[in-house]
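For clarity, chains are labelled A, B, C and D in written order, and residue numbers in each chain start from 1.
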């Protein structure tokens, strides 16, 4: 789960991290009022879950409240990589002398969390990681010991942080780690950590992703969870408890198991189609889940056809077929649906499907070809 | 550092452990008032840092406030194993159905903390440990993982706790462990954990010892630290930052290094004397520390002679001698002092001592024999 | 003959009195697995499908000699269950539970790797040695005994490929589902050496997916293997930076792409077909 | 010749710019120890007694090849310092610091035992290989080279016994002070095997004290040793339940008494004299 910059900063501030004075706003008038209250040069920052906001024009400086209002009216409502800006964060502008990167995330290969520090902050760190990985100091965190002070020093010295910043940076890293652990993060970043012309350190931007699996420990974050979904369909899926990813094409894909669904996306692409979504309904395929999934996929106006790819497994194929038939029967379906059913009792399942308008398919490849063809014809 | 039962219960209560309603008192009138407030049968418990309070008559039940007052007037001021009772804890009496033991301490051999659970609670657990060790279930705690729920279950089932108590006991053990870790304990016990006739669990007694080395993390406990010293001389030593243990004999012992001082105690005993104390002044033996140590030892009215046993080590023997001479010169000494000095520059040191009334000795054995003889003569 | 489990495995079910635990206990027994004990705290003394229930894993192991444990408990209790199994000394703990917080597993996996116990999962379908023993939730009717060792990250896609192998008469020594979680107890590089050492396994099929670098790490190991490996990678067309379900299949920072995995594997001589349909033919070629 | 350290040891001092660190750096160098680096965070680039100072142990090890680290930092920073030394890969970390909280050391010792680094201490005087290398605070002028291996829990009592051995011409291979803390990095059973394996050590002197069961555990090991051992135990007359200074010498629950230790040791043929004075004669007898 992603949370917005302003929310991440609120969290970090609770852990003692200095952040710029500022408030969030949804209208230019509010922006003006905040700028007046701050009484100095401000920065207006779009709050959307996407990188490269600055390059897209979603972050602007303003010297006066008038200017802040004007800037905000351009940013609010702006489209950044397909996302509409609905909120902006209005903050005091900083006198930036240096920018550093601080981050913690999981290193899957090492099966440990990793602390990353770089003196090349303020830019896309993935770019730095890809092009000049030596500019990022990394230390693995032993879960038994936590992040130790010496590791913080190792990382800061290895990253070549300015000496005057090293002692102070430790506080930020400790707070970042504590946040990461307490909040069950999968990513916690301060980027940039700014060394101001006045010689103080401040977190100019922050990013926190929270492990969905750990949400049961954070009932207080349930509100953020929904807001964390940028796409309205993904937000709706979250409410329905469905594993849905919006992909922007015109073939709706529903299957059980992430690997199988991904394999299906691959086959649809190979057949010349463009998947509208990823949707994993998990095991069982009960009628109500099938109906809910189908309804969700069809909320996407671009969808011209739906492909079900289900492996029966322990649940028998005829039961799964009944689930799909019952689920789809509840909805007023206007698009072609291809069902590919395999596993236990698949023959019985296909026999049931034969009595419906649902189009059966024997293999993934056949199913993909059929739905692409039918959708094109529609 | 030891803290009193009533203090331990306050700590445990902060961690969510149910304890009997009650208050601490220093006069029989206060005890009466508390008993009236509780409005039921009470138990009056002497607050001294020693086991076997019950057998010594330091714990009594009282059915009425009158009786509580009468009982308290007998307990307050009572001497239990050399300690004077200055405070009592007045608590509601419990209807005891079963008594269990719960404890956590360091297992030095395993270099880990160990959880101990026994269905044979309410008695001296060291006796149980010595006579029927199989009645105590023990599980070692991995510092990397903390005390896990399954270990709590393992211990409770292995100890044969009544099934109705097992689910509830987990809460007590978790709280006990959290207390142990947060408060840097070297021992944390609930003994007995009482299963009442009404079927509820409650901590009828609690004991917490805190690691002296960790006191810097617990500035809030500094008040308790002093109170934790039963013996007034040990309390004074604590204020002076000296490692002093009161032993009750008549030969004061001062040395540097615990092993050396213990070895000196052994030699004095072998020479027929009785050590008044253990006092380790650590390295260096600066004049002010020596003076402070000597002054402390002489506060004990039983002391008839003092033995210094110092190994010069890196600090030179002549410097140590000067420290002892300067330190003792400040005090008006009425008892014989034997100084045994060894290590670097010991000859020069002895030469300096020869010009004083301090009695030099070549070996530990000679020093022990001399001080015992001189003290006997005094 | 097999890796990790066989007809002599003595299986214990943690969470046996739960809905999933009870259902799959019956399924496993129906397949012929020796389920010797179950554990649910507080329910010691009961029985499920004639299997005796104990309060703790330690008691169950002591009483029954169980050496494999399969875990069907809710996510918040699963980390503790894994540790309990390891502490009780089973050889293999199979954690089926889906949805365990990542940081919990970071700690659990780090610890269990220091013990004698092997952890498989969480969020995995378990494993099956055809005709001998099934531990977990893999459908027993899609496998037959034979010379193919199979190890996979995804569940249903694996069933799909296995059933295709089976239909074409290509039986399996053991099928191992390592699960798709970001921090699994067993990775490809933990399981491949078992097949390399198993005299009955002649070819290994490895089914990977986008995300992480397990497939790339596996390629390094495969370079040293004597046995042929056939691989399949799903998610070739998935867009980067998108998490595909709980499986944790996510591509980020230029790492973990299908392309990188396919390249790493083909570089060490492993064929990686575009379509999973092609897997059986590639296996048959290598069986010679 | 020696155990743990010798003339080739390259020593690093953590906390070199502190009062103790600087003083003992000079003492160690005066003894002939190769002190190649110091570490004090924030003081990298400085020098102490011509020894270069680094900001981190990792930097110091990389730049100087230090393989032994000695730690002179305050108790609240010492656990981290031990872990830093181990993480930087030194062979031996010697923690002189007194007063480290017990639970901190429980975690540190458990971890370091899983690494390639050996931790000695905390609250220990260090060790010395006469004529070659001194690491820590043991006085160098009380030792001479010879055939006696010495391992001790107490500090000054050990100096006393060592200087007596030296005066009587009984030199030492190495004198190792394990320290008196309840959770030491090295126990008797960790050090005794080193002397057993060292061809130049002919007799071992072990100096214990009341508290804990290290001496009893050592007795079990000594049973298997080929070399003779002479022991001394202090605190025979200390009353139970009293903690004797920071040394952690405490007797409780009928365990850790001097009597139990003496019995365990004499049962395996180790003489334990009443007075430390008798140690040299017992050693000489065993040298034959």
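Odds and ends about this structure:
Throughout what follows, contacts are C-beta pairs under 8 Å (C-beta built on N, C-alpha and C of every residue); 3 or more make two chains touch, one makes a residue touch a chain.
These numbers were taken from a predicted model, which means no experiment stands behind them.
Each step here moves to a touching chain, and the least such steps from subunit B to subunit C number 1.
Seen from the Cα centre of subunit D, the chain whose own Cα centre is farthest off is A. Interface comparison, A-C against A-D: more C-beta pairs in contact at A-C. Work out the mean CA point of subunit A and of subunit C, and you get 28 Å between them. Annotation: 48 Å between the Cα-based centres of subunit C and subunit D.
Centroids of subunit A and subunit D (each the mean of its C-alpha atoms) stand 54 Å apart. The centroid of the Cα atoms in subunit A and the matching centroid in subunit B are 56 Å apart. Counting partner chains per residue, subunit C shows two or more touched chains at residues 107, 110-111. Shared interface positions of subunit A, i.e. residues touching 2 or more other chains, are given as 142-145. Chain-to-chain contact here is organised irregularly, matching neither a line nor a ring nor a star, and falling short of all pairs touching. Of all possible chain pairs, those that touch are A-B, A-C, A-D, B-C, B-D.
Note for the complex: subunit D touches subunit A at residues 41-42, 44, 55-59, 77, 80-81, 83-84, 87, 107, 110-111. Interface of subunit B with subunit D (complex): residues 106, 108-109, 111-113, 126, 129-130, 142-144, 181, 184, 186, 211-214, 216-217, 243, 245, 247, 255-263, 265-267, 269-270, 275, 278, 280, 283, 311-314, 342-344, 363-365.
Across the complex, subunit D is touched by residues 142, 144-145, 148-151, 153-154, 157-158, 163, 166-167 of subunit A.
Of all the residues in subunit B, the ones that touch subunit A in their complex are 143-145.
Chain contact summary for the complex, subunit D toward subunit B: residues 27, 75-76, 99-104, 106-107, 109-111, 137-139, 141-142, 152-160, 163, 180, 182-183, 207, 209-214, 217, 234-239, 242-247, 249, 252-254, 256, 274-277.
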